[in-house]
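Each of the two complexes below includes chain A, the first together with chain B, the second together with chain C.
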Partner chain A sequence: MLTRLLSGDTPRSGLLTALLLIVLISLAFAPFLFPGTKSLETAARICIFIVLVASYDLLLGYAGIVSFAHTMFFGIGAYGTALALSTTGPNYGSLIWGTAAGAGVAALFALAIGLFSLRVKAIFFAMVTLAVASAFAVLVSQMSWLTGGEDGLNYKIPRELTPAFKLIKAKVFDVSINGKILAYYLVFFAAAILFLVMLRIVNSPFGRTLKAVRDNAFRAEAIGYRVVWYRTTATVLSAVMAALAGSLLAIWLRYTGPATTLSMEIMIDILLMVVIGGMGTLYGAVLGATLFILAQTYLQNLMGVAAEATSAVPVFSTLVAPERWLLWLGVLFILSIYFFPTGIVGRLRAGRA
Partner chain B sequence: MAKEHPILETRDLTIRFGGHVAVDHVSCAFERGTLTAIVGPNGAGKTTYFNLISGQLSATSGAVLLNGETITRLSVPERTDRGIGRAFQLTNLFPTLSVRENVRLVAQAKARKGFDLFTVAESHVELLERADHVLSEVRLIDQADQTVSVLPHGDQRKLEVALLIALGPQVLMFDEPTAGMSVDEVPVILELIQKLKSDMDRTILLVEHKMDVIRTLADRIIVLHNGALVADGEPSEVIALPIVQEAYLGKAPASSGEVA
Partner chain C sequence: MSETAIKPRIEEIPLKEQLAQKLPVLLVPVLAAVGLIAIGNPASWLTLTVAGLAMGMMIFIMASGLTVVFGLMDVINFGHGAFVAVGAFVGFTVLAWLAGWTASPSVFMNLSAVLIAILAAMLVTGLLGLAFERVIVMPVYGEHLKQILVTMGGLIVAQQMIYVVWGPDELHMSRPEALQGSLVIGEAAIEKYRLVAVGIGLALFIGMRHILKNTKIGLLVRAGVENGEMVEALGYRIRRLFLIVFMTGSALAGLGGVMWGLYQETITAHMGSEIMVLVFIVVIIGGLGSVEGCFIGAMLVGLLANYTAFLAPKVALISTIALMVVVLMWRPQGLYPVVKAK
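Here is the complex of A and B:
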């Protein structure tokens, strides 16, 4: 049953299974295990980024396609839901049509870019996605009458998903069950389902064909696979998944703007998360996203503590000053890529005797 | 009823690379159930001729016909669908995947299940069985779970042949299939090729340098030289031709003279 749910793609390493279980349990019970607004924000972000990073891995790790437009698709999903909620009101109807429209538009864009540029060299596709994504970001910030420009959009979501809504009066483990917690579980379960769907796709005949195309497109053609169609379909699927992740973000934040969805910074974060976790494994997305976001959120605090504790040691305390957290994050990446070139998952699976 | 077409035919097939004519107006027809050996010195255009037939290269002029239908403008996978299959001179596999997965992918392509998105690949038992069957035939079954990139060269050559056998097309083109194989493995592969021809009634084009192999397998030999078809006929006749003796066996021609 469990194997079927995982599409036969089990973690295949004891330590990896343990780590994944820790992440799963932590996220599933986050509101109770780590009460507090900041930790719930972090948990929701991790859920959303697991979907986003996994959808990027579908493209990069399985199909071997480098795209810089992933945040564009993420943004299209987020803006779809945001615009629907702000134009047709904070109800479930808007939520559904906005999400569906976002996913649909993302699919069309991906289809167009794929058919236009996947026929030629891989580098050309990468360049086209970079150009289109940049143009899209400019367009969104220019069309402020629609998108709110740089300020983005603030909107209401259905009341049942906001802190003002109380599901039950009593507290569970000292935590009051309000709409925010319902919203968290909406994000959590949607992310879990989307992840399992992607796990199925990569283990399907289609997913296997993607790996073949990545390995040797020339031979894949010679045995009868139409490589362009496989690459285009992978691009479309990946874009739709990214858009759905964007919709989840839009629902969770009740705000959508360029900085939270479209920025090149997020694109680079996604790339790093895929590489750190392990390309072409999907489980790598879970570990990559979790570790990265935890580091991003808590490294600064941790360093603040360290700097204070070592304030007597002159050079060391300046090195660990909280302002330098980005530097240390960079150092951590370089080390992790150096020591785990196949990512954490690759390393753990190889370590198995 | 109209006259029956040869299964495969090339008409004035030509390709130029800049000023160099690598295949030069080659017209030749291949009948069903025959094995034709294609010989010629290095650089004669044998591999290029194959590339034109299976579509990796597009002809400068001339035509390729399959069952009387022109396929010159079709893409590689379209030609594969219509029954042209190809093994490569330079091993050309899926290196990070397992040996079994390489063959399974071919079986999957043939069953046209590549766009199946929501079933688990491993649940298509018939594809795995087909893969294992072919792997037993080429004696690679013990290496089925190994990753291709760590396989010894000889085994990679066997897998190269296995992929074409798994595809099982109407026309099979082998480009020096036994090159790089150890001597005891060569007969296994030759026997398989023989079986494809006799039991399955397939049409086979075989580029091969080993004269003894050609003698035992071929019904016919064609000779390419500087891209042109310079000889065509029964193996014994063609082997005796001066141009073949000279180019192949390093012997001086027994007598000077033109060959057709």
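Here is the complex of A and C:
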């Protein structure tokens, strides 16, 4: 049953299983285990980014395609939901059609870009997506009559998902069960389902062909698989998943703006999460996203302490200043590409064999 | 030796194909003419055209290194933008040291200050290119996926190092006296600095063409683009050649950075990745690996960006993407595809 749920792709390493279970349990009971607004925000962010990073891994790890337009699809999903909620009011109907519209538009965009530029080299696709994504970000911030420009959109979500709504009067483990908790569980279960769907996709015959195309496109073509079709389908699937993750973010934050969805920083974050977690395995996305967001939220404080402690040493203290944490991640990123191209998960699995 | 030595027979290219090869060159004047019709007013058209050419030249300076590096070694450097930013910061620092020179009314002093700043920037970015090539790019030759990722990582680290060295704030600097203000021709006002940028860009393009077509090292580079293994088999160290090209490309990015910084008068650590979008569009339009294509692409992008910024400011960046789409529909490999014998 469990193996079937995981589509036969079990973690295959004791330590990895333990880590994944810790992540799963912590996220499933986050409101009770770690009460407080900040930790709930962090947990929801982790759920959303697991989906986003896994969808990127579908492209990078399984299809071997580098895209810099992933935040564009993420943003399309978020703006789809946000626009629907802000124009037609906070009800479930608009929430659903906004999400569906976002996913549809993302799929169309991905299809267009894929058919247009996947026929040639990987590098070409990377460059085209970089250009298109930045143009899209500029467009969104300039069309302020529709998207709110740089300020973004604030809107209401259905009342049942806001802190004002109380499901039951009594407190459970000292935590009042309000709409915010409900919204968190909406995000959590949606993320879990999307993750399992992606696991299903990569372990299907389609996913296996995708790996064949990644490893040797020429040979796959010779065997009789339409390489362009497989690559384009992977792009579209990953775009739809990213758009759905975007919708989750839009529901959770009740705000959508360029900085939270479209910025290049988020693209770089996704890249770091995939590579550090492990390319070519969706469990890598889980570990990568979890570690990265925990580090982003809590490690920066630690670096602040380190900078205080070393403030006497002039150069060193600027190097460990909390704003410079991306520097160290960049170094880690380069090192992990050289020495652990399969990331944390690959290491753990190799250690067992 | 017999009388009937075998002579290589070089087939002459049919006229039609020759014309087809020259066709992209015509795009620039055609675009300029369309711009004149759309804008209507010749004076503002002239101003915009010079601005577009200046912007195009600066983009060309930054893009040329990237495209040759790709042509020669199949390496695309997503960290190229870091060299642009570092060049701009080094150039501004030097200009700040030479504040006395830049403020003096003497044209000679002004220009030599700029020249020193440019040389310093090119030296630093050239050396940075050396380090980048040895440390970051060399271990991943031939693996495109890793190259893209690793050079992206290099970009992140380099940008963060700029923050460490120069602080998180953007720098402002006004241009030296001699390069401020504009010339008025008829009703059109043309900024002096833009003319200087066009001059430098043209000189660089002609010099580059000369080196590539008429010198031995240029011959080797072109041969390397065509078929690297064969060049190695003939006893040339293509790796060393590549290193030289990589360093030159980085130094040119530094030059472009200084010029772009003086053009905008404001520089940030992120300027590199912002300009890289335009640079990539230019490189794609021109055809990966082609210097001529890159030049034409840069001119087209520069002109189009300035015309649309005047006519419909909101779609300026989208217009360059549209240009890229149109060009790729017409020639999927870019204007001048570089044929690989691999």
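Everything that follows uses one rule, which is that the second predicted complex is superposed on the first by the 313 of 353 C-alpha atoms of A that agree within 3 Å, B and C clash if a C-alpha of one lies under 4 Å from a C-alpha of the other, contacts with A are read in each partner's own complex, and residues count from 1 in each chain.
Rule of thumb we're sticking to: a contact is a pair of C-beta atoms (placed from the backbone, for glycine too) under 8 Å apart; a residue touches a chain by one contact, two chains touch by 3 or more.
Bear in mind that the values here come from a model prediction, so they are computed numbers and not experimental data.
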item: Superposed model, chain A: greater residue contact from chain B or chain C; value: C
item: Contacts of A:Gly8 with chain B and chain C, given as first, second, both or neither; value: first
item: Touching partner for A:Tyr225 - first (chain B), second (chain C), both, neither; value: first
item: Touching partner for A:Leu130 - first (chain B), second (chain C), both, neither; value: second
item: Partner chain in contact with A:Leu21 - chain B first, chain C second, else both or neither; value: neither
item: Chain B versus chain C as contact partner of A:Asn216, first or second or both or neither; value: first
item: Touching partner for A:Phe206 - first (chain B), second (chain C), both, neither; value: first
item: Which superposed partner A:Val331 touches (first chain B, second chain C, both, neither); value: second
item: Chain B and chain C footprints on chain A, overlapping residues; value: none
item: Parts of chain A lying in touch with chain C, wherever the complex brings them together; value: 60, 64, 66, 116-117, 119-124, 126-128, 130-132, 134-135, 138-139, 142-143, 264, 268, 271, 275, 315, 318-319, 323-324, 326-327, 329-331, 333-334, 337-338, 341
item: Residue numbers on chain A that touch chain B, as the complex places them; value: 4, 7-8, 200-201, 203-209, 211-212, 215-216, 218-227, 229-230, 233, 237
item: Complex contact set, residues of chain C against chain A; value: 70, 76, 78, 136, 139-140, 144-150, 152-154, 156-157, 160-161, 163-164, 168, 273-274, 276-277, 280-281, 283-284, 288, 314, 317-318, 320-321, 324-325, 328, 332-333
item: Residues of chain B that touch chain A when the two form their complex; value: 54, 56, 75-77, 80-81, 85-86, 88, 92-97, 101, 104-106, 108-110, 113-124, 163, 167
